[in-house]
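Order of writing sets the labels: A, B, C and D. Residues in every chain begin at 1.
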């Protein structure tokens, strides 16, 4: 069974931006922010004041408080992948999305193998139970 | 000597190839095709009938289903039709003299939430009104009927109640096919295995026969009782169907002592379990959600079904999976069967059986035969292909196919 | 297990997706407007072979994509074939 | 030495012994007789191990204290009691090349691959890796004693060898019969087989009581013995390849080689799993079951625990002999090596149930929570009727966080919404909202909700809780199909929503700092602070009373809820659950999609033609509605009232004794003291008086309550 500590989640504060993919590609993200690209037209920006998206006047830019996140070590990532992920884990840095222990989740993988594990707050208790 | 071998009936095959012409040619020697032939011959004296199959008799869905007979549907038309079929099954051994291993077990359909309890209650009330014996029962009665159940559902799926369908039964699927085959053969019907139909003979917009690997056969009426590939057959006649083909899987464990009496289904979890006469635990669930003609078994299915089953029945967790199988089923757009005329003269159809239609074999065959012989079959009239254009779909909230 | 390749997220078990059916094609032989509508609303091509179909990656990016699949083998084929 | 307990008796074993070898070491057949292959193929060594029946003891390593019980004589083992299952560990691994089987051919294949620089994983039963099946992906499922492993692989080589043919002759269910490889294993374990005789095709019968004491040969001679080794050749063990014909595998070694079938069986048990004899096969053959599959299905030969591993060569030989044509093997299906259902289930989770941000608040308030549309929601807080009265006469809170919520924006958004919805959208003014239904292409009601206009090119859409996920798919699919430029953002799980409802709802908002001027009027919506928390306030009504839905960021849900409960205390505030809500909305005649509607409910059938503007150019479902408008249509949803207790939901509705439909919603109205209902009549002519539950019910215009809708606007 998992040898590692279960992840500790906390609510994340960020911005959700839906815009033309090209506008998101070109957007000057605020310094220190962390951008989770969910799909070509969808970005979750953590750790920044309200970001602007030049180039798309119709962009949706709105606070995003729907995710809980947990910083997980490379060892924890490997452990979660071994026991809870049916699909093959890519190597970072990148965003890996899909079911983890049956719960739709996201892993923002860093180059060193550690990651930020994201889950909808509404399903956080389920993921905690299953990884814990 | 194995106890399940000894009373087998015989199959008095005709020798040689099909004749060049028959009154009725039925494509598909499964339960529905053979039952239709049997009732044409025995009820209506129409014996100049040929049943063709690309493989052996019962090689399609008739040999792959989970053998459950029930009439606990949700709309009056369906309850009436399936109750008639259920009662015909109860008499089938007497009528044919064949032991089909019919066994009345009762079916419990579990509800794990307020909303599914409403569904099961609705099912029970509609069943009662239409002559099917179904009651809504509480957890204690469920536990009495099935002591192996974990009423807490693993702490996650607590049992609110269930509809209990008293006359729910099982019969051995192959033996039902053979009973009809034997009866039809004895009555003079021709059954030709390994004779694929490759096309239809048309005269203008009328179907006049079939093309087969053994030559053309003309027919007064051609009936498709094909499972899985019905769209191909219908396309030959220019008939468009509201049918999509899906894979449906099931599995059995090894054989165990007879200790599990009823058939148990779950509305929320979508699985069902029963014990076969040979002692295997037989477990199934819904069809794969994507369209497919491939009869592939997936481990994901075994995984999901096992998890659902052991959640409600912890004793199953130690039992070992012996064999899984997969068939392809025809799911209609409103999840109810399609029987009767197609709008193309000379061409009738029996399809849309969703999760395979085993329970409907006697009534489906009887009614289709009656339609051929007399031009009228009230029980299946609501299930005609023309219902879609008439905006009279038979959408049944209690049909297994709707979930 | 059917593995489905999401263009955004990669290969995932089909349980992560919702199947969105094929693009409906009503045959030209049906000319009457009402009959065409009945066909569009209810009938299925149900092709045994290569189909163009829609999948929605529900557990991932939550976006639709179009895929080409052979329903007799469940093999996914390159879209530009 | 360590011991296992065998049929209640402790027996000693040597390190490395399988349970089968341990039994043999103690002088016992591991089951009750039959040829032993000790290769995991047949079922002849199966026993109940630690409560699990049908375990191949030859594949199970002996470990201290293992409890082994032979299956009962002449009957099947009990499936076991209601004990709880153990958790099985699952591991997801990947490998480039996998070679299954580490015999000569497997080892050679692995060595060759390695010499080409490939990473190779070799799986062999001797190392505890039992391959359950090869599946799409390709993937391989492996059973181990410490759990189950799901492998992603790129290349598969099958080197599973050949299975030794079991003898079919009288006496073949006795103990003391071994295949050559099994005998070698036994001897390698240091066991003495005593006076052992080796026979081949000259074998005619075994004789003995319980175990073999004499072998009879075809020439009539008899040889006495303690044990017999039967060498009848082999058959390829290619079951993994036959199970997954479309998964690319390379087969090497004996598994790939042609093997001659054994001589046609003459007498004896052919299928040890089902005790099916050659005589049985002749019986079904003579009745006309001539296809290999029909012979199998009618005799049940090949359908036992070994799935034909023992009988298939003989069965094929039988059919070849009788028909003159050698049949192909019958279909192989997983599992190639059996797994328990707990092992199969490992790693799977059935559902993910979501919780609203107010889950803890509901628990604290003693709510009965139940699952609705994938969410836990309060059914009631103990007394639905008092919750009802709080809404009708005072003020109440409802947690509607589960509602589908979607932001849409873009240059084409008005065009897209006009095409999506059957109602007009372009004329909704900024700050106003409109109730809408959505239809599928058949013109059937999929869902309902609100459209709130936030700006010229920006809207917020709501959907039902159960319909939210499908709604997002629906919107995205159509927008893409039409190629319109619309941005879509689902907010369902990111925004909480609290419905403040009741005649005192406005008063509560006033106390929460919302001035009368700021308070939105009916069907208006506005962004304002409530109790200091930024909210998007939508004024509408599902309960029939003035209602304000306060949409907000979920991190502030608890704070908002608690503030409103506190401010509302002097007003007698109570939260209400779904049970009360269902009654409240029923009195208003509001349909719940999925409960009152059916799969094919057109707007006409549920009396909602008013929500459809057929004069619009195009919208989803329009063509179908125009086509079906002139068709006779018997199916109609009605409101009913009746005296006495409300009948059960689902009760049938009869006219002149005939079933014409059923009750979809039913409620003992505290307001009226009689039952209010909705239900279907699906036969013409529609009656004004029907029979429900053996009592008379009358069709009633809906809404039952506040027909003018004045209270919602209060």
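Everything that follows uses one rule, which is that a residue touches a chain if its C-beta (ideal position, glycine included) is under 8 Å from a C-beta of that chain, and two chains touch if they have at least 3 such contacts.
Remember, it's a predicted structure, so these values are computed and weren't measured experimentally.
Asks: Give me the set of chains touching chain A intersected with the set touching chain B.
Replies: Correct list: C, D.
Asks: Would you kindly say which chain has the C-alpha centre located farthest from the C-alpha centre of chain B?
Replies: Chain centre farthest from chain B's centre: A.
Asks: Return the chain label for which the distance between chain Cα mean and whole-protein Cα mean is smallest.
Replies: Chain nearest the overall C-alpha centroid, as shown: D.
Asks: Between which chains do we find the greatest number of C-beta pairs in contact?
Replies: Top of the contact-pair ranking: B-D.
Asks: Express in whole angstrom the distance between the two chain centres, defined as the mean CA positions of chain A and chain C.
Replies: 29
Asks: In whole angstrom, how far does the Cα centroid of chain B sit from the Cα centroid of chain D?
Replies: Averaging C-alpha atoms per chain gives centres 21 Å apart.
Asks: What are the residues of chain A that contact at least two other chains?
Replies: 42, 86, 88, 104
Asks: Two-or-more-chain contact residues of chain C, please, as numbers and ranges.
Replies: Only 1-2, 13, 15, 18, 34, 38, 41-42, 58, 62-63, 73-74 qualify.
Asks: Specify, in ascending order, the residues of chain D that touch 2 or more different other chains.
Replies: Counting only residues that touch two or more other chains, chain D contributes 135-136, 139, 150, 246, 347-350.
Asks: For this structure, give each pair of chains that are touching.
Replies: Pairwise, the chains that meet the contact rule are A-C, A-D, B-C, B-D, C-D.
Asks: Could you please specify the touching residues of chain A with respect to chain C in the complex?
Replies: Touch residues, chain A against chain C: 38-40, 42, 86-88, 90, 96-99, 104.
Asks: Provide the residue numbers of chain C that touch chain B in the complex, in ascending order.
Replies: 1-2, 13-15, 18-19, 21-22, 27, 29-30, 34-35, 38-39, 41-48, 51, 53, 71-74
Asks: Which part of chain A faces chain D closely enough to touch in the complex?
Replies: 1, 11, 13, 16, 18-19, 41-42, 58-60, 62-66, 81-86, 88, 101-104, 120-123, 125-126, 130
Asks: Once bound in the complex, which stretches of chain D touch chain A?
Replies: 89-94, 150, 152, 347-350, 352-357, 375, 407, 409-411, 413, 457-458, 485, 487-489, 491, 493-495, 553-555
Asks: If you look only at chain D, which of its residues touch chain C in the complex?
Replies: Listed in rising order, the residues of chain D that touch chain C are 135-137, 139, 246, 441-443, 469, 472-473, 476-477, 480, 490, 623-624, 627.
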